Amino acid sequence: MSIPLEKASTLVAAGDVRNRDWYIDKLFHSFMFICGISAVIFVLGIFVFVFKEGSGFIIHQLDWAEFFLSPKWRPTSAIQASYGTLAMVAGTAAVTLISMAVALPFSFGAAIFIAEFARGKTREWLKVVIELLAAIPSVVWGFIGLMIMNPLIIDIFDVPIGLNVLNSGIILGLMAAPIITSIAEDAFKAVPDTYREAAEALGATKWQVIYKVVLPAAKNGLLSAALLGVGRAFGETMAVLMASGHALTIPGSVFDSIRALTATIAAELGETPVGSDHYQALFAIGIFLFSITFIINMTADLIVRGIKNQ
Amino acid sequence: MNQTATHTSTRFQAEPINLKNIQVQKLFMILFGLMAAVLVIPVILIIFTLLQKGGSAISWEFLTTFPSNGMTAGGILPALLGTVWLVAISLLASVPLGVAAAIYLSEYAPQDHWLTRVINLATINLAGVPSIVHALFGLGAFVAFFHLGTSILAASLTLAVMTLPVVIVASWESLQSVPFAFREACWNMGATRWQTIWHVVLPNALTGILTGIILQVSRAAGETAPIMFTGAAFFLPFLPSSVMDQTMALALHLFTISTQVPGVPEQIPFGVALVLFGIVLIINTCSIWLRMYLRSKKKW
Amino acid sequence: MNSHSDPHTDSGATRATTPAATSPKERLERSAATQPAHKISIRDLSIRYGPFTALSGVNLDIPVNQIFGIIGPANSGKTSFLNAINRMDMMRANMNVQGSVLFNGVDVTSWGNVYALRSKIGVVFPLPVGLPLSIYDNVALSPRLRGINNKSQIDEIVERSLKRAALWDEVKERLGSLGSLLSGGQQQRLTIARALSQDPEVLMLDEFSIAVDPVTTMRIEDVLKELKNQMTIILVTNLVQQANRLADRTAFFLNGSCVEVGDTDALFNGKVRDQRTDDYINGRFG
């Protein structure tokens, strides 16, 4: 009457038919998988294509010492073309530095206010407006730097030109602020309420709770917020092109005009013959930018993951 | 029980009401409030200035005529339409791909698997790539390698790659907000994964996904660098007739007339900036409205 | 019973008597012709979550058209046991099942289409899960998934399932309103109706009365007594007396193993082999 167990598995059960739905499910699984790895494909694609265009230059032409240590970017010089990015790196660094000096305190302050003080409607509205700040297109920011900040800086500081490190730094700072604020707010929210209650039970004031408990606990989140902010400011193109003055100098003060790595590509790529050394050199800068942002993003992710694993 | 209560209350009473502490607390609240305000004020100032200086330029004619006199007069029609084209086609590419990728990550991908981890990292990195590097990629891949030339199609695809990670993240969040118990209930009644997604998960995540996509519209409309060398032109005296043509675009037009063309009357670029920001503002308001509507309609 | 006979001679005999039982169709007929007395048989079942063993060495048989009760304290592995039966381990990366679960005499892991297997087994969870669909659609979902599109046929299934779950009278006027907004007790009956709409051969209930008031619990218990004429019911319960009231046979799970299986009457009348079973049944621990 009963079937021997070791034979049972060779039987096919009644109703066990792979029907249309089974095949549709398999089909969609494969389709979603292909779409799922698209992000990986595109990141690799970006690397491959940008590298492909710039590789000839990097392999045959590139003088590494010149590329990183010379401030002279003279790609079109007929006599002695030179491809030094030092001035641009310094310019980009200066602008990024100023932008963080602007963005970090205000973003962290705003994040503390939103996470710890603001309630109800105030909080909702604040978040909405900060989201709007993030939505302003970079070319509009550049335009604001050009038409509004420029005359303002000339007037206030009595300098001959207002398109400089200060101008683009402030603008990039405002552009990076929303993302820093929102990540920092998440970091504050991730601190368990029990920490706060424990500190309050000991009689700590709200500020003491924030300073002694919340800030240290959210430290890693804030660090990764800052890093992503740096990545944002560092990679920004149009705003910095329009507001920085686009002059190839190593800045000595915030009132000097500079030229950013990103802006150089944007300004020159349109006028270079495809495949020329100059064209390839611009792609080499692209590889440099890609690598730096890659490192920044990976580091920020590692830090965030560190928090989760704790 | 009773004992603990008295104990706690005596401790709270024993704590002297420290006036100085309360004042310090107020002070800090005001300080942080002001720091938040510093981020709010520019938005208001920018809207106000754009309205004041560009408002006079806006008219029906401005929106529906071509630029004239070497772009120092006339309207913005080709740029406006070009932006619509670019955004529409880029969404056509990025939305299906991004939503499908999000479905894979949220519904199929095994957790803690190395490939899932790699996909997540790639998404984060794709979102962080500078827009000018996307432009280089578009130029190398779509314009040159796939022989699309500088065209609306090449520019749109470049934009699509750029907006892809944000579509993925927004859709993923929305899918994850659907309670896991719903999926379990479906699987237990014999639904395949795909049936579960189609009948229960997607319908409940749709509005959230839409909110994320709407935000992408505003982002794609404002981008300049990725389209500069892949399909957008400074000036064209005609409208594009196919996706293989070049086109003007609002964002690039603003860049051109404010930096490359001398002698443009101030209200024109301000008007263009106002239109561009206006579009972004309207789209964002829609998205915020949709989000609030969604919250009020919660089904569980 | 020849299951203890030598496997070699046994397999040889089988091969000899059914030499051509290789084509799917014939095998299908053969399995349909075999009517096992046990709806489900469990052999050496072990369940692990990563390195953690949740259940080990379970052997038991669940007879056809009876209520099979499973009692045991929290974390004893009862829910994991149910999940192994309808192969939900496939949907969980860290869940690993060893041993065999025979459903109608066929190992569940040999099913080529697990979804078809699951549609034969209805499940009711501890906390009611009303899908965010209308009451009607909640119950109509399963027939629709099976490809039934005929409106009147679905109407009929919905009405019959809701009636069998003792919910019809309360909701017949508002079939279009959201199922997830019903009361807890109603949602639980909706879940039962949804499971019944599958026309299942087995109904598995996992501590269904946790979020349900006593009156509704009694109503559902009456429903189950009716249903057991038509299907096999596995009733996991945290209420020992519920098993006493309903189950024909009862198993006692403790700390990841099955301590005892027996006729409910026997167990509840002190005829236990293991002292722990008696202690648990009489509330001396757990």
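Worth pointing out:
As written, the chain order gives the labels A, B and C, with residue 1 at the start of each chain.
By our rule, contacts are C-beta pairs under 8 Å (C-beta built on N, C-alpha and C of every residue); 3 or more make two chains touch, one makes a residue touch a chain.
Please read all numbers here as calculations on a predicted model, not as lab measurements.
Compared on C-beta pairs in contact, B-C and A-C come out with A-C as the pair having more. Chain centres computed from CA atoms place A at the largest separation from subunit C. Chain centroids computed from C-alpha atoms place B closest to the centre of all protein C-alpha atoms shown. Subunit A and subunit B have Cα centroids lying 15 Å from one another. Averaging Cα coordinates per chain places subunit B and subunit C 48 Å apart. The centroid of the Cα atoms in subunit A and the matching centroid in subunit C are 52 Å apart. Along subunit C, residues 115-117, 120, 145 each make contact with two or more other chains. Shared contact sites, meaning residues of subunit A that touch two or more other chains, fall at 21-22, 25.
Annotation for subunit B: residues touching 2 or more other chains are 192, 195.
Only residues 1-22, 25 of subunit A touch subunit C when the two sit together in their complex.
Those residues of subunit B that touch subunit A in the shared complex are 15, 21, 24-25, 28-29, 31-36, 38-40, 42-43, 46, 49, 96-97, 100-101, 103-105, 107-109, 115, 118-119, 121-137, 139-141, 144-145, 161, 164-165, 168, 192-195, 197, 215, 218-219, 221-225, 228-229, 251-252, 254-255, 258-259, 266, 269-270, 273, 276-277, 280-281, 284, 288. Those residues of subunit B lying in contact with subunit C across their complex are 110-113, 181-182, 184-192, 195, 199-200, 204, 299-300.
Residue ranges on subunit C touching subunit B, taken from their complex, read 86, 88, 91, 93, 115-123, 125, 127, 129-133, 141-142, 144-146, 178, 180-181, 191, 194-195, 198.
Only residues 21-22, 24-25, 28-29, 31-33, 35-40, 42-43, 45-46, 49-50, 52-53, 105-110, 112-114, 116-118, 126, 128-133, 135-140, 142-144, 146-148, 174, 177-178, 181, 203, 205-207, 210, 228, 231-232, 234-238, 242, 262, 265-266, 269-270, 274, 282-283, 286, 289-290, 293-294, 296-298, 301 of subunit A touch subunit B when the two sit together in their complex.
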